[in-house]
Amino acid sequence: MAMTETGLSLPDLRAGAVALIARKRLIAFIAPAVVLAYLVYVFFAFDIPGLAQRARMDNAMMLVSDSYSYKTHVERNNRTGAMTIAIEGERKGTYADDAWPDWVQRAPGGAVVQLDDGYSVTMGEDDVRFEIPDYGTLVIVPAQSGVTLTTPDGTVPDWINASDTRVAVTTPEGRLTVTKARAEVFRYFFGWELFFFTLDSPFHGKSFISLAELALWGDRVRPDHSNIAAMASDFWNNQMWRHKDVAWALFETVLMAFLGTISAALIALPLAFLSARNFAPGLAVRFGVRRVFDFLRGVDGLIWTIILSRAFGPGPLTGSLAILLTDTGSFGKLFSEAIENVDEKQVEGLRSTGANAVQRHRFGVLPQVAPVILSQVLYYLESNTRSATVIGAIVGGGIGLLLTQAMITQKDWEEVTYYIVLIVLVVMAMDTISGWLRRKLIQG
Amino acid sequence: MLISVEGVTKVFGQNTAVDNATFAVERPAMIGIIGRSGAGKSTFLRMMNRLTDATEGRLVFEGRDVLALKGADKRAWQSQCAMIFQQFNLVPRMDVVSNVLHGLLNRRGTLATIFNIWPTDDIHRAIDILDRLGIAEQAPKRAEALSGGQQQRVAIARALMQDPKVILADEPIASLDPMNAQVVMDALRRIHDEDGRTVIANLHTLDTARRYCDRVIGMRGGRIVFDGTPDLLTTAAAREIYGADENFSEAATSTSIETLEPDNAADNAYAARLLTN
Amino acid sequence: MLISVEGVTKVFGQNTAVDNATFAVERPAMIGIIGRSGAGKSTFLRMMNRLTDATEGRLVFEGRDVLALKGADKRAWQSQCAMIFQQFNLVPRMDVVSNVLHGLLNRRGTLATIFNIWPTDDIHRAIDILDRLGIAEQAPKRAEALSGGQQQRVAIARALMQDPKVILADEPIASLDPMNAQVVMDALRRIHDEDGRTVIANLHTLDTARRYCDRVIGMRGGRIVFDGTPDLLTTAAAREIYGADENFSEAATSTSIETLEPDNAADNAYAARLLTN
Amino acid sequence: QEITQFNIGLLGGENAQDRMTSNECLRVKLEDALGVPVKIFTPADYDGVIQGMLGGTIDVSWLGASAYAKVYLTDPEAVEPALVKQNVDGSIGYYSIGFARKDSGITSLDDMKGKVFGFGDPNSTSGYLIPNVEISAAGYSMVPGEYFGDVKFLGGHEQTIVGVNNGDVDAGVTWADGLGNWEDGYNSGALRKAADAGLVDMNDLVQIWKSKEIPEGPVALRKALPADVKAKVIQIVADLHETDPACAYGVAAGEAKDFIPVKHEQYLSIIAARKLTQ
Amino acid sequence: MTMTTADGIKADYMAQRRQKQMYSGLLLIIFVALLVSSFRLANDRNAGGFFDGLHRVLDFPTELLTEALQKITLLPANLARFLPALIETINIAAVSTLIGALLAMVLSLLSTRGLALWPRAIPLFRRMMDVMRAVPEVVIALVLIFILGGGPVPAMIAIAFHTAGALGKQFSEVNENADLKPVEGLASVGGSWFQRMWLGVVPQVAPNYLSYALMRFEINVRASAILGFVGAGGIGYELKIAIGWGQGRYDAAAAIFLLLFLTIVAIDQISSHYRNKLVKGH
């Protein structure tokens, strides 16, 4: 058998191949080049070099450290001499006057605050002294006219921010600010403060083991409840973290997503038949319904929320209606595509038996599109749980409200972290459940 | 007279798919329609079942022109005139019995059927029919889980469920292997013999038509060019129908098991090899 | 000594796929490995090409144990030891020249290959190789557009592009029709004859092994049970290798064109019918 | 006619849960008095409450002056002002404060030419309406690019403070009661909260502008409510400082003297200002 | 076949059917009960009830449109005024889709059985994508706004992050269906992992990748508009201000709204056109 049976000459073929590879090489270069050019354009359009300068890494540090630690404020009113010790400076975290933590001792005119590593702050009658090992003692005197600072060596290091009216000292062990009116120490602790029990709960400050002991065989702390019930109730009604409200909010978020997504699917399904090429009763109907879908989808869920708030006011229903409207648009489009792709043979088989239109749709189309529809609906259910977070923030419902509000006020990053963790867990749970349902319902 | 076809014509755009087809069926018979691809066989059956509207002509069945029926009447006719397709056209995700029960869609209320609710008698009858076709055991399975030959028998069962006066079959064995093809054709023949129903089947192989049919109609380019008993179907007549030249060999259109049997092993091996590609 | 295989073993879980395989190749030869399905032929070749890691043993090539190579060394060995697969394993959406050039992936820089930067000489050589195999005209086409035999020749071209010392071929003709099978085996033989490269081919038919190989190795249940020249491969020896009883007929393993030629037309028709399903 | 439920709307600006907690006592009181379920709603921005009041789904809310003006301008028949917070010193006003970073060198609006100025929420009185009107009137055009390089809305008081502190904008406005000292962030207001929270160090900021006194927004009721419901609600809120000082502290968001009656006329200037700002 | 076996089949089938019907009935009842009760719950917790509010649904659009129509002459000027913000929004969506898709490609290849560079790390990459998908964009955007200040970059990063997770999952489904033969072919010539992926896998999966990425782009345009609402720049920010202010700026709101709507519809149409083309014909 002859191996060379080419009609074209070898040099031609060689040249052709070289040209072919050259062409491919050009494409291989042009595509990344275009992308790169676009990225460069965006790099400057979004002012990323400037951004790098503006980035506040100290904010990032604060965020990160705040998300796993909390601070306790020890405040003295310089005029009255009154002392307040409060976790995160919040009223519900305030220590009772007779139950100060052991690292604050009463002293004439105020208190001595022991910080870690030998640091300590003494709020005295006329001055505030900050003792810093290996550095010396800062003396700050608040007076009618202003605040004076005396450092051991006379210079002011960069971790002290001092002016005539205010001195702020930042050290790894704690922060001190003194103005004419107030002197305040912040001491940082690891963990989420009062996550289980607030100060007023008898269970506060107990170790896991002693709690377990109490729960199992301890005497009743509250006569009318068992210890476990009391603990559960104290935890559930924790005023600082409000686990109850958070759980409700999470539930409300899922509720919005569920109600909105499922109702949207139920509404979109019959409409999708009207807009599918192979089932539309007429071109005009199909065109009309398609534009309605486009409109519903094009007006974003967010805008729907605003429009609907006027009619229904804030609340989860408004949120789910907004999801319903947008998703009716999305589902309408997706479903009608699925319906357009059905295998006509099955429908024809039914038609040949004299089945009417409803029966043909029920048996010829539904079984075919059901898996597609189901997996789309489940996917949207999961993704809407996420969207409901945002929508909830606007309609004043759900975890989204708590989250955005906590972020906007920018002080309780540990709460933010708590919410984020919960949201991520819920979304992942939805993901798992929907995956499980998909497998169960489509294969079974 | 049972069926009288009078000048039935179908024009698709420029193309006349069926051209003035005229014939009559006096009494229940098993009729084969042969002809090469594009001859208009399918189009004719589809017009008869009213899946496609005819352009012209009348088709009188028991005194009524079925081509003129509309709406509910049309569907009622379809329920009396069952159709079997080359690709079975079942609902693959539903179980076999449900598929068979679909034959009754026209007779039972829409609401009940929508919820897949059927009288027990109907279900029993469906299983009886499946039993008659030898596939009662498959009853609870999904249609898609069955082999081609079994699926086609389910389609026949659906047709029988309609208790039709006429059964139309559009190349019922074209998608089947020779073994299954024989089973299916035997079933159709038996239905004709035992129930006395008229069966009209498009067939793409001569020998099947010869073997199973009482009467063969040959179509070419939309026209009926042959109409007679199988023994009139000489090789010359076949050449006429297929418009073939001297090289025409019947073997090329054959699917009967006997003629292929000896080669089967090698065939299967070769095909299996090809299919693994 | 060129290649020395010393106690090479591969265990998959409980199953010993290759069991203490030992043999030596003194000088370039064309070697056929035969044995029935599951005998361990593929596993052995894949270990040699380092697509699968061996469980035990040494395979010394030019003084180095290739089974112990890692990372870049392993890839360098792979580039010297070309492999041809039953299913060709080309990149179907890419053109033929690019597929052939892939033989050089290990020798050219990753970045250059990704941006399709190939020296003109390489491209010319690829075309020359394709020309040698008689498919130079297909160069600009996508691999998937080619027939099976052509694709296998592209795969051989890719192997030759590697300028390998050894060519391994795992049932190179199992997916091909007899015509193409012959073309491909001829090509492999010619490569051995003309270039003096060692070719080791898994073959599933005895007659191919007899016809093309200098030496035949028979495997059964992972062990080497036969090693000798083709003329030692008597029907008794074959029965031993295949573990077959008296009914064993060589024809069942035959793919040579001569024996199948007469049935070809019927074969093709049947296969075509099956494929349209 | 009868009501079947009664809804309180709370404007944003503080942690939603905190707002709910501090108004919970009022909710309970109203529920007892009205005999119908009372609920609290806390949408994230001002507009949520405004839409609720316009649509009739929120029955009472302590609106900002500008928000009240918006409701009035959209539908004069929707709500009526009832009470206003009286400060400890007897005044019923507060201030809009313009501020910048100290190290930016900006000390007054004159230094702001070509720089970026930041507002809070468009429906905020002190965070947008008043500074917009007064600063424009003082000759510094608020049209972006004319005097200031750009004028941005940052979303709320907290964001403004952080934005200025971070240098995203060169100066911004927020509210304060104007009492006490700058270095404490005044006695109350957004700056005080931010400083207390450790978000900013008041040493780093300077005041560059202060508005005239702004009237506190009214506690407004839906006009369509039955008269007896209105009367009961007004009574309870007006008496809150006398009957339950702790609750009053929460509802008034800090120390205050009382809630005293107020008339629509009190807000005519704000309404005019709002009309002016388009 | 004897009648007795057919009778047996009948009985079995009827029993099976009854059981199935009972299950589906039960499922249906649960489903409807769930739906109805969640509607009632949502309705109860809402400020206004569904049926009370229905007649007011058109109030707001009417208000907006009335003013917009009164000032219809300003429309072209308004459209021009907000065009840059729209471009910013589209840019955010485009960049984040691009970056997200590239990341997703790498992640998906690393987390597909048979292709992964480090097979042991597959679960790690999968979990990573799950988390990336689960974190709402708004969370990341708000955190980044706190650190980086307002503007398009936080939104871009937030969306890209989410996109990487979402596309990563879809891509790895595509990868799982990819034919491994070419990859093995490339392995047999000594190709590196990168070469195997780029030459063996990417050409196979590219059309599907592109199709998914286009769909994502569409979603991301919406997402970037939403993030604008929380201060991440772009058209969403302008819309929030215009709508938030209310009367007097409804003409601007209408113009922005129109721009946004047209963009979303246009992108929707274009991308579905190309997607159909890509998936149907090679």
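Miscellaneous remarks
For reference, chains read A, B, C, D and E in written order, and residue numbers begin at 1 within each chain.
Everything below uses one rule, namely that contacts are C-beta pairs under 8 Å (C-beta built on N, C-alpha and C of every residue); 3 or more make two chains touch, one makes a residue touch a chain.
From a predicted model like this one, the values you see are computed outputs, not experimental measurements.
Graph distance from chain C to chain D, where chains that touch are one step apart, equals 2. The chain with its C-alpha centre at the largest distance from the centre of chain C is D.
For the pairs A-E and D-E, the count of C-beta pairs in contact is higher at A-E.
With every chain reduced to the mean of its CA atoms, the largest distance from chain B is reached by D.
Compare each chain's C-alpha centroid with the centroid of every protein C-alpha atom shown, and the nearest one belongs to E. Mean C-alpha positions place chain A and chain B at a centre distance of 62 Å. One simple way to say how far apart two chains are is to compare their mean CA positions; for chain B and chain D this gives 80 Å. Rounded to whole angstrom units, the spacing between the C-alpha centres of chain B and chain E is 47. Our note on geometry: chain A versus chain C, Cα centroid distance of 57 Å, whole angstroms. Touching two or more other chains at once are residues 45-48, 53, 56, 59-60, 146, 149, 151, 230, 243 of chain E. For chain A, the set of residues that touch two or more other chains comprises 54, 56, 59, 306, 310-315, 393-394, 404, 408, 410.
Annotation for chain C: residues touching 2 or more other chains are 87, 114. Chain E contributes residues 1, 5-6, 9-10, 12-14, 16-17, 21 to its touches with chain B in the complex. Only residues 97, 116-117, 120, 123-124, 127-128, 131, 134, 136-137, 139-140 of chain B touch chain E when the two sit together in their complex. By the touch criterion stated above, chain C contacts chain E in their complex at residues 49, 51, 74-79, 82-83, 85, 87-94, 102-106, 110, 113-114, 155, 158, 162. Of all residues in chain A, only 1-8, 10, 13-14, 16-18, 20-21, 24-25, 28-29 touch chain C in the complex they form.
Contact residues of chain A toward chain B in the complex are 345-346, 348-356, 358-359, 362-364, 367-368, 370.
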